[in-house]
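Next come two complexes built around subunit A: one with subunit B, the other with subunit C.
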Partner chain A sequence: MTKSTAIAARVLGDETIIMSTVDSTIFMLNPTGTVIWEAADGNTSLSRIVEERVCAEFDVDLEQASADAKEFVDELAVHGILVVSDKPVSQ
Partner chain B sequence: MSLLEEMNQKATAQGIPLSAHLDITWRCNERCVHCYLDHDGKDEMSTAEIKDVIRQLAECGTFFLSISGGEPLLRRDCFEILEYARELRFNVKLKTNAVMIGAKEAARLKQLGIEQVQISIYSDRPEIHDAITKLPGSLRRSLEAIRHLKAQGVKVSITNVLMKQNVTSGKAVQQLAKELDVAFVIDPTITPMLNGDRSILNLGISAKELEEVFRTEEFVGNVGEYCAPVSTVDDNVLDGYSCSAGHTLAYIAPNGDVFPCVQFPMPCGSLREKTFREIWWRSEALTELRTIQVRDLPTCSQCGHAAYCTRCPGLAYMEGSMRGPSSSDCAKSEARTGIPSAWQTSQRTAPSNLIQIMLA
Partner chain C sequence: MSFPCGGASRHEVVIEIGGIAIALETTDAAFVRILNDRYHDYVKSEVRPGFTFRVDLVPPETFDPESDAEVWFENGEWRMERGDFRARWSPENCEGEISQSANPYSVDSVLRIAHTILLARTGGFLLHASSAVRNGKAFLFSGLSEAGKTTIARLAPCDVELLTDEASYISREAGRYVAYGTPFAGELGAPGKNVSAPIAALYLLEKSPENRIMRVEPAQAVRRLLRNILFFAHDTELVRMVFESACAFVAAVPVFQLSFYPDQRVWELIG
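Then we have the complex of A and B:
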């Protein structure tokens, strides 16, 4: 998965503000969402991000974190904020 | 609290310059009679310098970036600058008179994901609009540009600055905006020139005309609510700040000079001598500005309008003190509510000359 180009985004401290340039919807990502967002480089899989970043930085078990992360990514993908693919995506 | 308000609150608490207004040139192809800028093109930053400034802003947390001028599209590198800003994921607004925007430029702006294009339209009548811009054919060209932008799906906002020449144009321009399906903003404020020349203030509309604007439902919504005086001046109000200038907003002139806002010409430093981070965090002028709460304003803290006054510290600065009143905002408060401000009252009740008779 990778970040869409049709967005404006800025990491502010441990949170991230994102605005869709398509419909001006605003999202504020919490620290966990920010970690996933920053790691979405088109090459790293979500499962690896959860295992190596989310579980390492937050007190959360892998199963719960994986479920929450999938829900989070799906929602951002619906709004066109993240582009999700089974294969690596160029940024 | 909306997400935007929450974001602003956090940025204020952390001292993040969330918004920046960057004029990339003061040159312009129009000569609007009320413009607060001279149109000198000397000392403009190069493309590389501007890109470096934009990069620094991103590093400092700036999210909202207004690219403006002058007429920004007079710079051949305008699209290169916009593209770079979008690469760094800024929310970019472009302020332009749009006379240089055709179908090709509109398509490029759409492709770049520009958040909004803001265009000043002074009247629906060419003889009035063109007399203000002093560019024959400018209304026709700006409206053509708006149609190109809308055809591409770019969001557009029309600003209607009111002055003596077009005081009755507001409703017609609002109707035009409706027909074009674009946002509409009416602005009755004429500001002094940045070089201190206040002569253009004579173009401003009268107090009675301002009152009429504020009592027009189409412009303000619920007139009763908009014009109702709010008398509660509590600690929340007194602990507050006048606006975001210097707190979460910075203005950068084409030569790299930094100010709190485009309407607040208090020099804070030059990006040709220091980094943006150094200026934002260490400028004595900005540090002093950030200490000023409403309770520190000698006259305005005593004013019943303090809770909702639009007091502009930049206009106050241009009148002599950033802690003083801004007379045009006092006039707005009075036009809205019918109640003079504390400053206006003090001016109107100044004692007449006393004659002292000394007896031997």
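Then we have the complex of A and C:
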């Protein structure tokens, strides 16, 4: 998965604010969402991000973190903020 | 100022807001009086305009009153349309046209839109906010409808100069932010004072049983600021610029939540 090019984003503290440049919808990411967002480089899988970043930085078990991360990514993908693919995606 | 134009006298009214002068040309003398009345303190006949709009007056029934504002860039021109006007404007030759009926509200909207586009490229923006100058410093009071923008303007003591109760003009100049008065009036129905001052704070308004000020964290400040920035153009590049402008503004200007009881005591906290 990778970040859409049709967005503007800024990490402020441990939160991220993202705005769609298509419809100006605004999204706020909490610290966990920010970690996933920053790691979305088009090459690293979500499962690897959860295992190596989320579980390492937050007190959460792998199963719960994986479910929450999947839901989070699906929601951003619906709004065109993240581009999700089974294969690596060039940024 | 007037000059002949194919048999009809063409009049020019130059309106300067935020240091940007826009000329409106029309052959209708009555419309000139409407413009002079509405923009009174902002009419600067001695200033050379940076942009000119020719205003063609048409019957009100020419348009679909139900259609919302649309702003887009096409073939080198900005196009602006709403239920009560159609306008086009070329940034390259600094000229445009407005087609509307003889009312001050349509041209007011075109001016607002034009200024949002011009400001976006320089780090400024129009904000849905009242604003005022006290002790040489400007204060912005922003919020959605009913948050108290006009209320706080009405409560201002006599040492306060009101810049607007509706649309605040924020300009970035030499790395600092300056608020200018605007003729864009809200419920007060009166234009703001045509003065400017460096911005000392942005207050996000909320009516409350008591007066209280709390600093707003940067991410929340940017989110709430973006909700209140007036921007109409469907243009990816400019939307991205507005986003960056909001982030830069929050990094430079303190943002507070101002919960206030609607009486004059709230102004003891400001200035």
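Here is the rule we go by: the second predicted complex is superposed on the first by the 91 of 91 C-alpha atoms of A that agree within 3 Å, B and C clash if a C-alpha of one lies under 4 Å from a C-alpha of the other, contacts with A are read in each partner's own complex, and residues count from 1 in each chain.
Simple rule for what comes next: a residue touches a chain if its C-beta (ideal position, glycine included) is under 8 Å from a C-beta of that chain, and two chains touch if they have at least 3 such contacts.
Nothing here was measured: the structure is a model prediction, and the numbers come from that model.
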Exercise for the section: Would you mind checking whether subunit B and subunit C clash or fit side by side on subunit A after the superposition? Expected result: clash
Practice task
Considering only the touch criterion stated at the top, classify A:Ile26 as touching first (subunit B), second (subunit C), both, or neither.
Solution key: both
Problem - subunit B versus subunit C as contact partner of A:Gly13, first or second or both or neither - result: both
Handout entry: Common interface residues of subunit A - those touching subunit B in one complex and subunit C in the other
Key = 6, 8, 10, 12-13, 15, 17, 19, 21, 24, 26, 28
Exercise for the section: Write out the stretch or stretches of subunit A touching subunit C in their complex. Expected result: 6, 8, 10, 12-13, 15-17, 19, 21-22, 24, 26, 28
Problem - Partner subunit A, residues of subunit B touching it in the complex - result: 3-4, 6-7, 10-11, 14, 16, 18, 58, 61-63, 89-92, 113-115, 155
Handout entry: Residues of subunit C touching subunit A in the complex
Key = 217-220, 222-223, 226-227, 231, 236, 239-240, 243-244, 247, 250
Problem - Interfacial residue positions of subunit A with respect to subunit B in the complex - result: 5-13, 15, 17, 19, 21, 24, 26-28
